[in-house]
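Both complexes below contain chain A, partnered by chain B and then by chain C.
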Partner chain A sequence: MAHTEQAASTLQSGAAELGRRRTFGSVMRQAGRLANRNKLGAFGVLLVIFVLGVAILAPWIKRYDDNTQFQTANPKFNPTANPLDIAQDPELGSPHILDRWESPLGGDHWLGTDAYGRDLYARIVTGARLAVIIGVGASVIAVLSGTFVGLVSGYFSGKLDLIIQRLVDAIQAFPGLVLLMLIVSVMDQPSLFLTVLALGFLGFAVSVRIVRSSVLAVSQTAFVEAARSYGAGDFRIMLRHVLPNVLASVLVVFSISIGAYILAEASLSFLGLGPADKTTWGKMVNAGRNSIDLHPWESVLSGAAITLTVLGFNLAGDAIRDEVDPRLRGR
Partner chain B sequence: MRDNSNYWTRRAASSRVSRRRVIGGAAAAGMGAAAFGLVGCGDDDDDATPTTAAGTTAAGSPTAASTAAASPTSAIVDGGIARSVFLGGSQFDSVDIHRGQRDEVGWLSGSVLSKIVRFSNPDAGDLEADLAEKWETPDATVYTFNLRKGVKWQNTPLTNGRELTSADIKWHVERQQAGKLVDGSTPKFRFQSDYAGVKVETPDAYTVKMTLPAPNGTFLIRQAAFFAGVPNREATEKFEGSHTTLTEEAMPGTSGYILKQWRTGKDIVLQKNPNYWDKGIPHLDGAINPWGLFEDPNAHRLAFEQKLVDAWSSPDASLTKKVIDENKANMGEILTGISNTVFMHLNVHKQFKDPRLVKAMNMAVDRRALIQSFHQGLGQVSGAVTWLQEGFAIKPDDLIKLPGYRTDRAIEIKEARELWNAGGGPALGEVDIKGVETWTSVWPDTYQIIAKMFNDALGVSQFKSTKCTYNDDIIPNLPKGEYPNWIAWTNAVNSPDPRRDLYSSFHSKGSQNWSKVNNPALDKLLDEALVTADLTKARALVLDAQKILMENAMYGAVILYNYISRSARWNYAHAPLKTQPAAGKPGAGYWNTAGAHLAFKQSWLDPKDPSYSDAVKNRKLG
Partner chain C sequence: MTNYIIRRLLLNVLVLWFVATMVFLGTHALPSDFAQKRIASTMTGASQVEAIEFARHELGLDKPLWRQYIDFMGELARGDLGHSYESKLSTWTEVGRRVTTTLELGIMTLFISFSISIPIGVISAVKQNTWIDYLLRGVAILGVAMPVFVVAIFLSLAVIKFDLFQIDVLGRPHFWTDPLRALQLYIIPAIAGGIAGGAGIMRLLRSQMLEVMRQDYIRTARAKGLRDDTVWIRHALKNAMLPVITIMGLTISGLVGGQIILETMFNIDGMGRFLFARLNLRDFPPFQGTVIIICFVLVTMNLLVDILYAWLDPRIRYT
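Presenting the complex of A and B:
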């Protein structure tokens, strides 16, 4: 039995390039070579590193609380002003005037302020954290659940596979955003966790499909046959021989789908279906559009943040796919 | 014979026509109140249209409406279809006006159902005839109404276009009084307490005699106020079991318009009633309220710019101003005191049982900051009686000395924290002050702003804010005392006289006393205020009642402020206004939402105006 395991491992070692020990210098040199070979991919990775850095460091670098409303004392305040006078001069009614719609680079607020006098830089940095949590969280849920179900479906095939694949068909038959809106609407109060869960559910079907097809291919390989012929159990074969050989596909799905989840959450928030009590980029784009012809900054800056982040994850995901797929490597 | 409208005429004459009163202008733009929300620099033009029957108004004295209206600019043209939207979407909760709680029901019914009497100037309280051609009060407890002959119900299979008679009025009053449906069940009726003990007699088909158990200074005005329309018996009873399902069949009317379409998700279509007793009006062929368009401010703006609606108001008042300034030749600016008071309702049966917590919240909420945040400063704080009801409200000089209204936030916060801690606030755990969806669809950042405001003010981190809806979470749960804590608009102020509403909300026998207030001293003041016809005395009693209310933070029904809406309106669209926009000066509309009938005379579309276009001309009722 032990010999059989060794034989199978030897066979699969050519397929899985995992677990090699490398020094930091060699890693950096290889990264440099990869960056030189795939400049767009390198740009994507840099963007991802930047966004992850911002997200991780958000509490320390955001300067202000994202919901603090900045205001200035108002010498014109007249607490007994009648409403007609206030209608003619709204500054009469309040002891403080909100610092609304300050322009970027104009003062203390690097990116200006929004309609409620809140610092846009703080809100975008906070939004980055939310975007990463949602993107990575949903991707983890989708990939973990999809990998497990795809593994089982592909490995056992037969009726079980048929049932699982028809369920996946049913999920995929719905337009993604519509299904997402349906799920979130049913939730009534879409919290951050529930939003992540809904997005993960949506991505689950895609993950199942991709992992299953990889499993089907790997299941036919000689080392799996060898392991099976020497009496290895299904669970052991799946875990020790099949799974390591589909991890490359899983990694690609994981990295590419993060951008898609961030975009999907932004769409939900834009439509008012995201986590209502959180600062999200989609919500900022929506809030800013009401006055976009007067004050474009909120929508433009939060929209740019979404674009660059999604671009970064997509380019990085493409680069990973190029590297792990021998057919694409070096193109 | 004594004409009872003299009371209000005296009131109007004795009250200065203040600037505040003038600015308390029609919520029409978003409100859909008068003229289905059609805001216009309307031409009052009483001369050009048939007037109501003689002897019905205040002894022939000019009403505030006619004196306030601007001089006619052009002859009224009949025809055309107005289009506008309701503030806060289209959350109708009932087709039964006796049971409806949502303001949309009141607004819409105002165009369809006639009242016994109605306002000629809703803000001043001047009355005129509607179904009652005339009325008299032999003493302070007896009202005899002589009904107009020949008033026909809209011809439907249920009504067969029969004549409205005194039996309809008797049923209208007695049904609300009994609060009972045909099947014997007793759901909540909106104004049940208003009719307690009233005896209704019908000596003939056109005479109704109502005998009150005691004098009531607001009884007549109640007949003209919000939700006072007389519904059709056959239709109302047929749809009692399905009253939350919208259908135009459920509300056949006798007023200027008839409902052609009233279905969830579809345009609300009103058509001129060809059999309306006041011949020659309405001037419009009809009106359309697109369903829920207001919920997307940008869609609303786009619709306005394309003249798919006649008026528009942005949540960002500066944007409305910009659009008006860029189109000065074709648009007018209307300023309107919004009668839907912004309000915080704390559940005193659950988390906020301890009065100290309610008082703490009343001080923790920063009213002026909210006006800044959501209305760019266009608004003023309101006490238990809103500033729209100037004659009865606490004067601003006195109001700013009271907790929750003081200008020194440091003192407010200090005292709020002491009360919060003393009342066991920190032990409450998570406190959710919900934002109502119709509000948060306009101001989605409410959730974050509200939660932070309370957390910062009380020095805690236990507040959060999530969404709720009137129809699902609030209205059904009010009678059960299981409503959430929430912030948004409350019911529209529907009368210049707040006595009935104060009674309804805070008297131990009030039909909308959701906080179950039971304060004998307050009851006594409200009882006395309600029965007196002496306005000076009534005001003094209401002020005393307000003192109790303010001391108790309004028992959890915490009034915050009333704001002023700046709306833009195309010049071709004329509608009821108290003052017309002039060069460099905005117009002012009626804030009171009980004047929908004013649109019959004053709403019209001017095809000769340069802003008129094919988009307006080609509108169809569908």
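Presenting the complex of A and C:
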């Protein structure tokens, strides 16, 4: 009797705990406790929130269009200058200043302009949107496909599993960038979707690996055997018993690779194989490289943007992994 | 053990067959081919179409796909990786010319990544949760997040701004012809690649060190009265390095991507730059061949690493 009473009171306090957890203040308090335990992770989460905010608000905060080429009227312009003088001083022949670079913090363009007179602040902000779309998009594709295949492969094992694992081996035998280069070249002008798909394909191999190994472990447990013994079908066991128990790994796989996808896309864009008609940070680093000695800020700013974004996603991913499933450390 | 090695070798053959098929299908799925890329730039009109058809026939690109696949696989089985459409040289010759250059940069990169990551990993673990640990870990985390080309650009910028030395991107110096200029050319890409590779090693080494330092034999070594650094190096590091060896394959696979970017950036005529240039030209045979060679090396190295691991750590038994 005392026993049931105790259980009931535990249940009640548990319910009260659940009820309390709903309030905003307690959520913040718990977040504060987590942040205190893992300061680096908290820093990463803040960076991610900042980048996500910039990405979502990009159209409203970018001030200028990222492709408008701003031109400054040339005070030295002389419409009647003869060609010989123009050959000596090209500035005489152009109604606009030929060298369109503008330094940061100097004028109306907060971060200056690039070689074509495009506002760098607008381009960095637009790049944030692209980076987030690519990183999160690729991760969603990788996780959805990887979870499905990993679930099937790990649950049924046997021949199918063997073939899928060799395919995964083959994908992972490639140096990532080579495979990406090849897939992206399928279009003469790679689109954003193709880039995301290629990155997702690469991540697919990693996701399958991790999800499959979790599925293998869960499939051995007693509750799966119990479910089978009362006659549950394979599909039901996979969906109702195995899947909920590997969701922790799935969450880790999702969050841990976003930074890597952003990094890989930056490399592709740097090599000129990124999404053709979009403003990406990798492209900007490459564009600024040519005049790095005189106008370093385009490369430096976009390079810093890539680094901070990847840093944020990596730290946040590590923190999520450590909270959810520390055994996946080092995978 | 022998059975294990034989089984792994057979699996590797299967994996390489998958790799070769994927490269073949991948290259043939591309919208343009070498004939188009080359001739479209020099001719126009009806003669262009004719010339492209002729070039395709010459190169064997007009055969049905399955026929080309069988030819490709037959040649591959005999160790023939085809000839470049452009230079007409065999892939082996083209790769052979560049392998030393790639190794020059690659070995230097590996050397730098180890000489950065091992001391940092050890110090960071030994001084766990002190300011120096936080600083070093911060550097490592930053190293993982920074793309190699950004590191390379920042370093070049520093070299240019402070006028430290000249970077000879045109002369193609080698260590055996002009060591000083070769060092000046290779040092920036090697550091950039080394940081990217070393950061991963450092993080793994640190966590392994922390694990090992909790073991009983470390306490025994201390109890014997051994000096701290003897315990750290002889007892802890030696054991903590074992798992680091297992990610060597992964590290080098990661270096390949960096090598493509850095060789292209610094105009170093190695395999990475070659690979990228061949893909852009749609010069398929050397591209396919180089990819297969790289994958072969990586897959073989992973096997060797696993064997080495079992040999170094007698507790590991493969069946």
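Observations, loosely collected:
We adopt the following convention: the second predicted complex is superposed on the first by the 292 of 331 C-alpha atoms of A that agree within 3 Å, B and C clash if a C-alpha of one lies under 4 Å from a C-alpha of the other, contacts with A are read in each partner's own complex, and residues count from 1 in each chain.
Following the convention adopted for this analysis, a contact is a pair of C-beta atoms (placed from the backbone, for glycine too) under 8 Å apart; a residue touches a chain by one contact, two chains touch by 3 or more.
If you're wondering where the values come from, they're calculated on a predicted model, not measured in any experiment.
Shared-chain residue A:Thr80: touches chain B; no touch with chain C. In the superposition on chain A, A:Ser207 contacts neither chain B nor chain C.
Once the two complexes are overlaid on the shared chain, A:Lys283 sits against chain B while remaining clear of chain C. In the overlay built on the shared chain, the residue A:Ser139 is in contact with neither chain B nor chain C.
By the touch criterion defined above, A:Ser219 reaches neither chain B nor chain C. Touch criterion met: A:Leu271 reaches chain C, while chain B stays clear of it. Touch criterion met: A:Leu177 reaches chain C, while chain B stays clear of it.
Shared contact residues of chain A, touching chain B in one structure and chain C in the other: 286, 289, 293. Listed in rising order, the residues of chain B touching chain A in the complex are 18-20, 22-24, 297-298, 314-319, 322, 335, 337, 368-369, 371-373, 375-380, 387, 396-397, 400, 407, 409, 435, 440-441, 444-445, 447-449, 451-452, 464-467, 562, 564, 566, 586.
For chain A in complex with chain C, the residues that touch the partner chain are 40, 166-167, 169-171, 173-178, 181-183, 185-188, 259, 263, 266-267, 270-271, 282, 285-286, 289, 292-293, 296, 299-300, 303, 306-308, 310-311, 314-315, 329-330.
Every residue of chain A that touches chain B in the complex is listed here, in rising order: 65, 67-69, 71, 77, 79-87, 90-98, 100, 115-116, 189, 272, 276-279, 283, 286-287, 289-291, 293-294.
Chain C makes touch with chain A in their complex at residues 11, 14-16, 18-19, 22-23, 26-27, 29-32, 141-142, 144-150, 153-154, 156-157, 160-161, 204, 207, 253-254, 256-257, 260-261, 264-265, 275-276, 279, 291, 294-295, 298-299.
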